[in-house]
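Structures are listed in the sections that come next.
What follows is chain A paired twice: with chain B in the first complex and chain C in the second.
Right after this comes the complex of A and B.
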């Protein structure tokens, strides 16, 4: 269920960052805007692993995959479909 | 049983840390050692930070007390700062304690004129000879290397006969330039150049971390070092892709000043009160490696055969470790204990090539997968990365290092995807 990953991400962002869920769109800039920094990305990869059971392999731990809400959801969906 | 055999001579080109270490080791094995050095020591040199493993080798050779007495800052960690302020990780210097448990270690930051003189004087005290001359080429007899052709300060030429020639000439890459080694491969890391100087008043970490190295990076292959070299003086430099400097149209001085102000907010903050106490130096940091760096009657150590982006301060550390391995290989070759005289030389080349490949894997992963590197260094494989950054690259344990294997696989996947170079 693709929507589940998006909902999880929205909740995580609301809890862990300054971003409010009402502002979220798929093209919301997360890296360029500074909502996510590299340490937050580390937190997110670990949260995703423990909460969703999705392991993000190292080759996917690259800036492009964490640039926007859409790019993160797309990666999670792809890895889940795996 | 002792058997009298004529004392054999090893000629070493270059009397820096690698050459001096090799000289000490070979003297202790009973060889006549002649160091050939064209510079008058003490002389300036870049590369002030040592690794934990390097400190262990120096102590094992008996230099520990002299190093402690020299008042070099103690380095317990390196902190790497990424493009934004929160992206940082600290890697402690570690060593293997008894029972193989990893415990905190330490090493030194050195003022190279003093450090290099200290090692060279140690080699001379062991009975090594020093010839102040430039090595101009090799002598050959029956196709095999039989010594060096020298030219002294007055322009006088002479020949030095030797049973073995070791190249510790650093960036001069003497044996490569003399046509003895194989092909020279250049490239990678965008033809970096380095600009650097010494500063007083730079803000350090609180004791006991006041001797810590800081590395700041802004973009691919663009980074700065911060290395305390005395109680008041800090060596600070910027390494940059050559093209960025050219495009700027600035002088060396202007470029360094601007980069120190703009490269990273924490660096500029640490330098707010800093004043330069040296001129601004520059050097090309073009990476290269040289094939066939060890063969019949010769071998190269350290920068004489490979130079890679110096971001993790492996320069002196690798030279000293390779010199230690080289002493055993040269001894094996000259005493022909094994059936195949070349076997020790091939073993040396193999161990050194593997270690240098590890260096490249580490640095390539750092630049190509900065987030993945951060994840390994800060979370997944902290101890493994600390082990590698402590300079333990030549041992069996390095071969088994999980982080090393993970990084190699990661780069291999990237290459399969067609985006990288072999």
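Right after this comes the complex of A and C.
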């Protein structure tokens, strides 16, 4: 369910970064601002696999898919549906 | 070494080939002839504009072809190139520029607004070298004395302001000549540039590749955070030489980025900048069976001074050895007074040789303190080490508060100085907690100026003054610090406190 992936991501970001759940919107920028650095991206990729059972293939671990909250949720929904 | 033999001398003398790619990046490429025109055109323009030997040119641009052309042009014009961190906070960049007093700052339109107007600024487009100014007057042959300054690389400074490492043409070229010979690099090689241009690793990626007429693919700052993007470049550009830090390699192996033929053309994988854990080396060797792997060692002040080519991995060692001294480095292990110690003894790694920096920009005292008994071309690394019976060197840690975090070098005292400067804390002590060696955590322990201040406010203020890698992961408020008998903050006690605090979280 799409809402579940978004909630999961929001909770993960709140726990692992400086962002708070109330500040988050789908257009919240995560890369240019530096919220997601290389280790955080790796952590998130692994957390999604173990917690949601969604494996993000390497070709999807790229900037376009991690740029905003919305783009990550979109990718997760697509992978889950596929 | 003659001016013709320097990296830029060799670059300028080679007949550029319009059929060979010099630089590529996501979305474009430029051939040798076109790049050569941009480089010599800007170099002539810099001379026409009155810039000369000793003048600094700050290149404050996102990593890309324009920044690459600008740096090469500075060397060709014989002025000092200063690659700056485009993503550093504005206040930090202003401090750096005020210290450098550059004759020219090359930047973007968006950044121009928040820079001091006291400097001459030009705005260009990061992925379009054609936007650089140029002069059609032919550039004369390169005849700068090889011991003049060519490059200043900003590094973390213990007082809170970045410290600029000044390197001569001879310094840079000594390292590059060694690398070309040691790894048998040729114009047929294809380099991947992962590190930002203000890191010393970029001297090989950019200046090394262009010196020998090879091509280099430039990865942008955001791209390097994604194993998928690095893997794509390795594969599509059929990269043969990649030089990076263990943090990036950990990320690559964890996400299995070397699968599906990625890295098949890689001749050499070079690691530097941090300790290379044995477990990581083992994973790399399994993932890249046909690639040779080398562990390079040396601070920015000396560039690479020793190298270990990984053969059979010794699983009993926690980390990879840093290997044998390079031909250009005379390494001694010294006691605190700079006196050489006998073989097999633990002491400070000290270096003499032509790759050792000219000094720190504008810091004569720091330069003098870094020398061994006042000798030019010498450097006390501040690293502890020991020679093994086979002549190879083992790294054993630091003598001061310098640490490595996520591939960056950081003075913990710099974080403390910036924390005090916020005016929100009475006292501060930064420690690196490495309970999980793959995930070091930077913890700032602070005593608040008053109870109304929140850790979040301190973090918000630090964000304006420190680069992102230097921001504490956690700010831990304490009522008081314990002091050692000599009156210093007891860092060991604070490290213990911070470790306990992190475990409770």
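Going forward, the second predicted complex is superposed on the first by the 82 of 82 C-alpha atoms of A that agree within 3 Å, B and C clash if a C-alpha of one lies under 4 Å from a C-alpha of the other, contacts with A are read in each partner's own complex, and residues count from 1 in each chain.
Quick note on the criterion: a residue touches a chain if its C-beta (ideal position, glycine included) is under 8 Å from a C-beta of that chain, and two chains touch if they have at least 3 such contacts.
These figures come from a predicted structure and were not determined experimentally.
Participant: State whether A:42 touches chain B only (first), chain C only (second), both chains, or neither.
Facilitator: A:42 contacts both chain B and chain C.
Participant: Residues of chain A touched by chain B versus by chain C: which partner has the larger set?
Facilitator: C
Participant: A:34 contacts which: chain B (first), chain C (second), both, neither?
Facilitator: Both partners.
Participant: Touch check for A:58: first (chain B), second (chain C), both, or neither?
Facilitator: both
Participant: Between chain B (first) and chain C (second), which, if any, makes contact with A:12: first, second, both or neither?
Facilitator: neither
Participant: So which positions on chain A get touched by both chain B and chain C?
Facilitator: In the superposed arrangement, which is not itself an observed complex, chain A uses residues 34, 37-39, 41-42, 45-46, 58-59, 61-63, 66 for both chain B and chain C.
Participant: Within their complex, state which residues of chain B touch chain A.
Facilitator: For this pair, the touching residues of chain B are 82, 84, 86-87, 369-372, 374-376, 378-379, 406, 410, 413-414.
Participant: Could you pull out which chain A residues touch chain C in their complex?
Facilitator: Interface residues on chain A, with respect to chain C: 18, 31-32, 34, 36-39, 41-42, 45-46, 58-63, 66.
Participant: Using the touch rule from the top, collect the residues of chain C that touch chain A in their complex.
Facilitator: Residues 87, 222-229, 231-232, 247-248, 251, 254-257, 259-260, 406, 439, 459, 468-469 of chain C touch chain A in their complex.
Participant: So in the complex, the part of chain A that touches chain B is made up of which residues?
Facilitator: 34, 37-42, 45-46, 58-59, 61-63, 66
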